[in-house]
Amino acid sequence: MQLLTPEGERVAHPHFDIDITPDELRGLYRDMVLVRRADRESNALQRQGQLGIWVPLLGQEAAQIGAGRAMRPRDMAFPSYREHGVAWCRGIDPTELLGIFRGTDHGSWDPMATRFHPYTIVIGNQCLNAVGYAMGQRFDGRIGDGHDSADAEATVVFFGDGATSQGDVNEAFVWGAVYDAPVVFFCQNNQWAISEPMERQSRIPLYQRASGYGFPGIRVDGNDVLATLAVTRWALEECRSGNGPVLIEAFTYRMDAHTTSDDPSRYRLADELEAWKLKDPIERVKAYLHRQQWADGDYFAEVERESDALAARLREYCQRMPVPSADRMFSEVYANGSSAVSAQRDEFLTYLSQFEQTGGER
Amino acid sequence: MQLLTPEGERVAHPHFDIDITPDELRGLYRDMVLVRRADRESNALQRQGQLGIWVPLLGQEAAQIGAGRAMRPRDMAFPSYREHGVAWCRGIDPTELLGIFRGTDHGSWDPMATRFHPYTIVIGNQCLNAVGYAMGQRFDGRIGDGHDSADAEATVVFFGDGATSQGDVNEAFVWGAVYDAPVVFFCQNNQWAISEPMERQSRIPLYQRASGYGFPGIRVDGNDVLATLAVTRWALEECRSGNGPVLIEAFTYRMDAHTTSDDPSRYRLADELEAWKLKDPIERVKAYLHRQQWADGDYFAEVERESDALAARLREYCQRMPVPSADRMFSEVYANGSSAVSAQRDEFLTYLSQFEQTGGER
Amino acid sequence: MTEVDARSRPRPADGSDPGQAPSKVTIGKALNLGLRAAMERDPKVILMGEDIGRLGGVFRITDGLQKDFGEQRVLDTPLAESGIVGAAIGLAIRGYRPVCEIQFDGFIFPAFDQIVSQLAKLNYRSQGRIRMPVVIRVPFGGGIGAVEHHSESPESYFAHTAGLKVVACSNPVDAYWMIQQAIESDEPVLFFEPKRRYHEKAELDLTATPVPLHSSRVLRRGGTATIACYGPMVKTCLEAAESAAEQEGHDLEVIDLRTLSPLDLEPVHESVRRTGRLVVASEAPGESSIASEIAARVQQECFYSLEAPVVRVTGFDTPYPPSKLEEEYLPDLDRVLHAVEQSLGW
Amino acid sequence: MTEVDARSRPRPADGSDPGQAPSKVTIGKALNLGLRAAMERDPKVILMGEDIGRLGGVFRITDGLQKDFGEQRVLDTPLAESGIVGAAIGLAIRGYRPVCEIQFDGFIFPAFDQIVSQLAKLNYRSQGRIRMPVVIRVPFGGGIGAVEHHSESPESYFAHTAGLKVVACSNPVDAYWMIQQAIESDEPVLFFEPKRRYHEKAELDLTATPVPLHSSRVLRRGGTATIACYGPMVKTCLEAAESAAEQEGHDLEVIDLRTLSPLDLEPVHESVRRTGRLVVASEAPGESSIASEIAARVQQECFYSLEAPVVRVTGFDTPYPPSKLEEEYLPDLDRVLHAVEQSLGW
């Protein structure tokens, strides 16, 4: 499924076409440029020793912005660990992602207020959690004909091509189907699970997995923000009206390393990257905006300035991030506390205070 | 897929037809009668307090004998806990199953010699183990064109409709497909997972699950021993020639309780059972043997006598089964032993011997 | 069954006469009543598990609840434990209070990853923004003549996992209150039920004030030695204490731990300071277990009071044996007394 | 790299000069060499895991092995840990000797069910007819500044599981021999590798006779107090002992446990009988852990020798913290010495 070719030409589609205003498309363009810039800046911050690790989204901007912008405020998102673009769409400032990678926290945003769950690192876990949440949406009467559609809700869960091999992800397909849960399974097939190509996970295209469970699966050009937006909107509408779940395979490419600790030159050829560069998700929108005269040089320059400012803000923020104090280790282990943890905290803080008193080094 | 109707009429099938001699069919009949009888006797032994629990196969004789008889000696079987009929085909005497249910052992047969793995109780675990074994068959060069087909091998793994929801089973589909493992996934859909009907596990027929993983899935009338035999033979041949895996859904019915501890009247209607009785797997073969004049009253009486003898032998065997001595608890915990376990054994046996010395009761 | 419950349900399921003085109920029934009370109190409480609906669970703990509360509050789930816990987590995020039943102890392991990586950590990870009011009920332990995987005592795995609370009930009164307290708390609670004691009976006074969930409790006072135990071993240890009193004139103190993580060892320390001797009894394999933890802590806290080392009497460090051997495997009255003798003979 | 290895491979991967005296190798390299030696010796040895082939594993422990032994002996598997262990079990039944790599400690939990229910029990269940020569390699512990789930110390879960053997190496020499011994044994071995020490170097004498796999080892003799430790804590404890010797004139005995289940505590008992004091050091949360087990057993075996309670210095009973706090979380030299002081000050 494609609506915008790599050359920036608009193509029609019988089922999934979309009406897009110049304003909207400029917005999508701006989203993609800004999240890419935040991603590159964070990557650079890692190189400068400011972050322990970074997980790049480079190349997956269209998939994430398309999906993220298709969601309504009431919808709930369950990310994996690479969904910086979706986070952006949920109103989470890129600075709020840094703590995870700097090692100061496990995500600083409010998952309930933003309807964006904490990043999940154990591959696949979040898919079952998302299905449970979506079951709750259904139990709450938030879907189906009877309900005012403005109140209707659905859930989108994000995972990778590698994740499709995990038991949890497949159990999520079972549960989603059996409970008609309003959940969109959004798989970003970026062709690689660290060093392993898609063929190590499946014989057949991943969107076909859904057919084994009795719900629709569709592959979309994940580098085409319009197509991704259209398909995700449709899938969410399916869910909100009680026909969920839906599996979307966004066919895209991880243009950078798996993480800053990874060295892709050990396992993939540079040619592959070059070929995918021609399908860049941002370039094609830029070309189309140009061609349609929906944006001019001034506009592009303005977005550029905005992204410079964002990068500068990230840089500055990162360097000023406070190290949490030792008692963070012991806080919120339990909702109601624990005698054992409190005792350990007290003992450890007393122990630490020795050093302060003597001015000693540890 | 059906080759023999419930009324005992032979129907043709374009792809899966089978040539069967009178001898062979009598053999299948005999197999089914005998395993049913062993099953009923074991069930009765439980009622008499001789077994802690029994897991009936009643109604699933055709599925199990069809699959079991399709296997060659070199093929490997991984059962769940209800595969008494398959055990029979692997040359395991029904007495060898009793220890599990009487609580004297966890299965007394030699899994390597019989190529019949121990019963697996944790739902789904065996599917991954079977795929691993089948990968080994492939690594050993036991499949494919280059190889003499008499040496070729494959694996059959048995599981239920409920099991299809487990992560492990779905991971087994992934691995089987990715490694082209020569494994037949043999799902006995007996309509129930204890009290839960099929609809709690899947929206769509189970054989369709395979399409999500890119290998063939087929539903067969699991109460039709000929059809099951034909389809399993075909599937094994697919595997042995390198085209595995294959999923077979044997559509059948659990005619008794889940186990002797279960009370199906709490969750299913007697009507359902009555309807399935009309599709009894043994009756239709008997009718066909009659109709074809491949067997007469004498033959049926002979099989009856044989099954009486088997039942008597089971009864007798069961009552004489020795309780293992206490040191069994400590043996074969590790292949090379363990200082900790040895110390515990010595201490416990010394402790026990006190009572013997004093003649005291424990 | 008291009037309180009788009012809301015309025919008490235990067959007792409504409006009568408290009658005896089993642990199983007490759990059922406790679940019912929690569900009546809070519409967000939902039950999830295999065969818990129409069948009422293989132990009938949820008997009648689907009939009365509907299929949306008592879910017969797909056969997938990771799914049960994983979906329960999602439902908890959505504001529900799921109570999951794991059919048997040995079947909790497919859910281990969701329990350890998500359930235990989400409160911490989100700095308290995501609460995890999820209860996982686990009928545990041996002694019922079952086949493999149906007699495990996996509680130590969870006690070793930070972020989980772990409790075990040993009698109907505790069962009734503790299950409700667990459901009411905003924390993930692993709730272990002594399956071979499901049929033990006691009077249930619904007007009593329950003891706090995370506290242990002295069930029998005595000065000769202390026994700490939990779950199914409590009955064994109480019987051992009676026997020791009758036969040897020993006066054993018996403490029901009730909370396994965090442990509430104050009553144990207090007791050991008086008796100088401690036996820890548990069905589970002893190696790197809760029993080890108790020994490790008591030897520290009561170093100068201990007149003998802490003695553990536990299941062996072997797989649970075929059931004909389980009487040998499980610490029984004699082995508990033997451990007491070891301690006294030091 | 010694001549032995150099002969079979013209260009040693560590860049050393073949035919030279033993040179220093890292733990990571020693594991790589050990795996290579095991694979050369026995064609049934196969490696399985995520990214272990072309990439050589995220820690490069399997570097170059797929190139030399082919894709059928070094399998880049689907992303599914239950699959890795579950398939390894099947391969073991078929006569292979699989060595599984779990990419990081926190990702072993999806495989927990297969490990606990099948891997640990099949030898027992089949009365020894099915052997389980499976090694599961787990880079474990913290200290590398990683994100969540990459710094766990899950070894106690496996020590508590009957049927598994559990070991941890702490230096290149042990790494080299222990991995080969684990592969050669017919038992399932959980093999813990101290990931933050992968780059520690030592000389590797390939002609030496290795100590048996399931034995602990005194690394430093001393009479003031005993420290028992394993894995990444060994280096910390040796440094602590040096520091205590220099600063306080204390003479600490340091024992590397090496085998975590079964424990080999004889050397510990022997030592404690001399020193009267024991500190157990481990990164893992202490509750119901291997450290608890050691304390429980030593207080029993050395009751009259102990001049102070066994002191545990461990990770806290909390989830592993964000990495900026890990220096506080992990027991460091100061905390080990503080524990020694506690013991001495009793």
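Lettered A, B, C and D in written order, each chain numbered from 1.
Keep in mind that, in the parts below, a contact is a pair of C-beta atoms (placed from the backbone, for glycine too) under 8 Å apart; a residue touches a chain by one contact, two chains touch by 3 or more.
Because the structure is a prediction, the values reported are computed rather than measured.
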Relative to subunit D, chain with the most remote C-alpha centre: B
Tell me which of B-C, B-D or A-D has the interface of A-C again, with more than half the contact pairs shared? B-D
Intercentroid distance (Cα basis), subunit B paired with subunit A, Å: 45
Whole-Å gap between the CA centroids of subunit C and subunit D: 34
Distance between the centres, which are taken as Cα means, of subunit D and subunit A, whole angstrom: 36
Numbers and ranges of subunit C residues touching at least 2 other chains: 77-78, 80, 82-83, 106, 109-110, 113, 117, 124-125, 148-149, 162-163, 261-262, 287, 316-319
Where in subunit A do residues touch two or more of the other chains? 105-106, 122, 165-168, 171, 174, 178, 200-201, 333, 338, 340-341
Residues of subunit B that touch subunit C when the two form their complex: 52-53, 81, 99-106, 121-124, 162-163, 165-168, 193-196, 200-201, 261-263, 266-267, 323-324, 326, 328-330, 333, 338, 340-341, 344, 348, 351-352, 355, 362
Complex contact set, residues of subunit B against subunit D: 105-107, 110-112, 117-118, 120, 122, 125, 127-137, 139-140, 167-168, 171-172, 174-175, 178, 331-336, 338-341
Interface residues, subunit D side, partner subunit B - complex: 46, 72, 77-78, 80, 82-83, 85-96, 110, 113-114, 117-118, 122-132, 162-163, 165, 185-187, 214, 261-264
If you look only at subunit B, which of its residues touch subunit A in the complex? 164-168, 170-171, 173-174, 177-178, 199-204, 208-215
Residue numbers of subunit D touching subunit C in their complex, please. 106, 109-110, 112-113, 116-117, 120-121, 124-125, 148-149, 156-157, 159-160, 162-163, 261-262, 285, 287-293, 295-296, 299-300, 303, 308-312, 316-319, 346
